[in-house]
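Shared chain: chain A. Partners: chain B in the first complex, chain C in the second.
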Partner chain A sequence: MSAAPAEPILRVENLKTWFELGSRVARSVDDVSFDVRRGETVAVVGESGSGKSVTSLSIMRLLSPPGRIVGGRILYRTQEGTEIDLATLPEHKMRGIRGREIAMIFQEPMTSLNPLFTVGDQIVEMIRLHEKMSRREARERARRMLELVEIPAAARRLDDYPHQMSGGMRQRAMIALALACDPRVLIADEPTTALDVTIQAQVLDLLRRLQAELGMSVVFVTHNLGVVAELAHRVVVMYAGRVVESAPVNELFERQRHPYTKGLLACIPTPRHGRTDPSGERPRLTPIPGSVPNVAALPPGCAFAPRCPLAIAKCEIDPPLEFAAPGHLSRCWRHDEV
Partner chain B sequence: MAAVSAPAIEAGPGLLRQLLRRRTVMIGLVVLCAVALLALLAPWISPFSPSRLSIANRLKPPGPVYWFGTDEFGRDGFTRTLYAGRLSLLVGVSVVAFACVVGVTLGLVAGFFRRLDTPIARVIDAMMAFPDILLAIALVAALGPSLATVIVALGIVYAPRLARVVRASTLVIRELPYVEAARALGVPTWRILTRHVLRNLVSPILVQGTFIFAYAMLAEAGLSFLGVGVSPEVPTWGTMIAAGRQYVGQADWMTLFPGIAIVLSVLSLQLVGDGLRDLLDPRLRKDL
Partner chain C sequence: MSERPDILLSVQGLSKTFPTRGGLVRAVEDVSFDVRRGSIVGLVGESGSGKTTAGRCVLRLVEPSAGRVVFDGVDLAALPARDMRAWRRRMQIVFQDPYSSLNPRLRVEDIIGEALDTHGLARGGKRRERVAELLRRVGLDPEHARRFPHEFSGGQRQRIGIARALAVEPEFIVADEPVSALDVSVQAQVLNLLQDLQKAYGLTMLFIAHDLSVVEYLCDEVVVMYLGRVMERGPSRLVYGAPRHPYTRALLSAAPTPDPKAPRGRIVLQGDIPSPLDPPSGCVFRTRCRYAVAACAATVPAAEEVAPGHAVACIRRDDPELNEPALSPAGR
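Presenting the complex of A and B:
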């Protein structure tokens, strides 16, 4: 946890990313705001369809039609200290941001590397694209990157094709590729989801170490709250395209201010669930009933109300995202009673 | 996953070795090389000049002096068949090159940029719906007959075949995670196209190119036979057969030998093309 609150390097303000399909509009990201400070890891958590991936693709401006940023700002603070709005930045300037300032890694380590080129070639391409550097220097840097991500025999591995590597090793190579130009922000979209649990832990360790060593900011998109507890400084919980709760990680795990977050945590198995209580009963996992609503046909009012155990009549009116405690935002009328 | 887990199919020395292991491909390659060598070395191999007239030796049947006989002007059939081969191969190579440049560009653009896909794909479909030889005749008629126009016309006729294959593969590759990952790391579009997409298309282009080579040689012969190709004095296999048509009753060698030459080269090209396609298609590779 960083001691002094650093200045925000990335500020997402009222971001709206909609998918217009004929007359229907899917508001995949609707009025989302959060900050990422320098050297901070922010986890964006939510189920499938909550808009967390669309948010990260919006920041990178990698949406494909019909997806479109229809409103809001994505303010990135450059090294010179000026803020630029990535939501409206021309594409050719955006290309200089991607990889150089903000890099992204994806869920599929198996297919995120081009099978036709060696890993070394791909890192060298990436470096020489953004920096003036000879092939030899770039190759040396590529080797150091592979060492940084703890790939053994890095010099030899440079000449490996992706299919010669295991899944975990490929994700490491992907991280090396993403970090090769020393970006200040890394967006990781479920980077461990496709990996074995043991490999997951290794990759998470690696990301945490790199984040601390390189002092970069990380936006970690995941549906796995267990991962969040280990890695993040702050958590943004999304539901149906909106932020429903946002808080420092410890605070969030101690005291949830939104019934959805509470429900998510109740779904995580703990050692307690394996044991029998003194009363002779085994504690059961409590699922959240129902499923995420379709963002193209949201009910009026709070989107979580139909699944919410605390729903009241007032929930038909959309609750605002308010401070429930210092530094702790919640979008619930009854945040004090959760 | 098929396209992704296929790094073993890149073009390279390994590919050639695997190709040569097949008998039909081996035969095809040997015949093709022999035809190409004979044609290229024509000035040194052939006993006569292709345009040497000899009225005394009109319509001589094949024999020890005139291996393939002579034509109605007493020109040596063997010499002319070899020289004609040079032109036929030249036409084949040039048409493939022309069709590649046009077809691959169109296919890449149509496959990669959604907005341009529909207009380009419609044009491609329209051209594919037109009979090949008819379209070529129309184009040659419009451009005026010459060797260059034959090449351009056939290039235009065969470009849509390549464009269609390239477009289809590009549509698939465009959506692959590593293309998105490349974009996420700031790789510019033209580089994604040339480096990441095009490199993946080498195999289908190679296969189509081989077939187009064969079709082009055949089509050129057809055009020349119909009299809309190169001028009748220029020896190509097509013009030779066209000239021999009048004498089929008395001098069948005039059509026989250029005909055999066409069959041999087209057949060998098709064998090589088939072999390439089987080898580069992982589904067909298993049972071979």
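Presenting the complex of A and C:
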């Protein structure tokens, strides 16, 4: 992993995406800010209800009602160097961005693949939507895309329908479709979560290689800290709709500045090659007590406080997201004591 | 495998085939392993490995097609179905999905109480007391006995499922992916609970999972399955510390570790898991194995012991090429 260049290509600023459910409001994304630089992989990590997926759908403007962006900006820097705000961009202009500038892949490949068309036709359609190109040229490019994602016998596979492919291959076809127009940003929402571990390893290797070769920026949304450690340059940790910590990957795994991140890491059994300690006892995990809160019924102040071992009276006041160290943000009053 | 008294469960040559329109699916094929009293044995594998079907055959929730399931000296697979009820009191199951495995129309006290009723274990006030005690034991508030499943979080529901399994005081529990539907922070709570209960009641457990680190954490022994067959089995210490089968090695090296500085000696397996409708001849792993030779297609390799209790189903298990230190996941 090389050092990432400095220029941000995507800046999410104070994003608020809320779901109005009758009289209640679920603040699924509440005042979320982070940058993605060119050629950088930023992992957005969180558990269910953290708002990580809603953040990515907001960037793509793929929210379905009652979800809606109620505040903040999503600034995308175009090739010409001007910044446009995707949060307020009219839908017809957004269509020129989706797929062409920013593409997205999902956990479930059938979210983006149409079961009624062959994989080749779908890639061709995507290319011709954004670029002036003959069918023949587009088909040739589609074949190269399938080769790029390491689908064997690519020329033959162009005529496959999605159901004729295995799960791992469908995932690759979806990646080929997403990358067909050479997007500058790829948003990957749990793309390996449903895959078996040996297939996940193949897809992670592929994504890492493509990111480096194509120089894309990647926003990788996941709940899996192992995947984060393998892929990310920087990490944004979300909890109950907010960013609670953000740091370069090595820094984050070495020294956590938020009790939630620290707790999350302590929950994962780490490989110990079947060792037991000398007493013959298995080491115990240190779980976080309680469960993830409902974003439609959050307590005032820090949302993590009810589960936090460091909580104090002051935590009833919402802590700001502040620098705890250079390049390392934490939303915790006690970030120095974590 | 002799039926030593410290072996509570001995699975011998277990097979299960399902007829489908596309032909026979060999979900489980000639699977054998022992579970010692008071131990936790992990059954790991990817999708299509047959781990779930094997677990259900053990309880006869699915009828085995062949083989023996010897529980405390008696072959359950040979018993008439009506005789199983008495045995079911001694063996219970915890399911993966805490949403679909609890009846949404029953109150928690009846979800747990039903098991007591079935086996005539407690009635009236005794039943209420026992339910309260079980809820307390799994870390839930006994006051919540009158609530319905939807009023609980995923982790709490899984605790209810565990309390239901414990209600009849079983000796043996099959836990089928009991934490994989849970958030990471909640997963650890349930793993600790399972471990505490196992110790407190001296339970014997068959723990089915696809998450290798969870199995390593919890289990004394591991059985690694692929496409219906056992590839390797043995003490966790050996299978994780010194894996011998190429599949086990690839599987261990494929799992991402939460440490960005960990060296990555990853073995990336080519291709997909073959269809169980049409498994490869000979060794079922050979189509993805970088060490496969012509002989691998000819015969199904038997699981041979390479150390006491550590068996590997690979004809090249002793070949030096397979045992290059560079490939050991210990160097991850």
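Following the convention adopted for this analysis, the second predicted complex is superposed on the first by the 327 of 338 C-alpha atoms of A that agree within 3 Å, B and C clash if a C-alpha of one lies under 4 Å from a C-alpha of the other, contacts with A are read in each partner's own complex, and residues count from 1 in each chain.
Just so it is clear, contacts are C-beta pairs under 8 Å (C-beta built on N, C-alpha and C of every residue); 3 or more make two chains touch, one makes a residue touch a chain.
These figures come from a predicted structure and were not determined experimentally.
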What does the overlay on chain A give for chain B and chain C, a clash or a fit? fit
I'd like to know which partner A:Ala212 touches here: chain B for first, chain C for second, both or neither. neither
Would you sort A:Ala325 into first (chain B), second (chain C), both or neither based on which partner it touches? neither
Looking at A:Leu21, would you say it contacts chain B, chain C, both, or neither? Reply first, second, both or neither. neither
Between chain B (first) and chain C (second), which does A:Ile312 come into contact with in this model arrangement: first, second, both, or neither? neither
Under the stated touch criterion, which partner chain does A:Met169 make contact with: chain B (first), chain C (second), both, or neither? second
Of the partners chain B and chain C, which touch A:Pro269 in the superposed model: first, second, both, neither? second
Name the contact category of A:Gln202: first (chain B only), second (chain C only), both, or neither. second
I want to verify the contact counts: of chain B and chain C, which reaches more residues of chain A? C
Examine A:Arg95 and indicate which partner it touches, taking first as chain B and second as chain C; both and neither are also allowed. first
Shortest CA-CA distance in Å separating chain B from chain C in the superposed model: 10
Which parts of chain A are touched by chain B and by chain C alike? none
What part of chain C is in contact with chain A in the complex they form? 46-47, 153-156, 183-189, 191-192, 195, 210, 212-214, 216-218, 235-241, 250-262, 264, 266, 268-269, 272-273, 288, 330, 332
For the chain A and chain C complex, residues of the former touching the latter: 47-48, 166-169, 196-202, 204-205, 223-230, 232, 249-250, 253, 263-276, 282-289, 291-292, 307
Within the complex, chain A is touched by chain B residues 1, 4-7, 10, 114, 176-178, 180-188, 191, 195-196, 199-200
Can you name the residues of chain A that touch chain B in the complex? 60, 62, 65, 95-100, 103-108, 110-117, 125-126, 129-130, 161-163, 174, 177-178
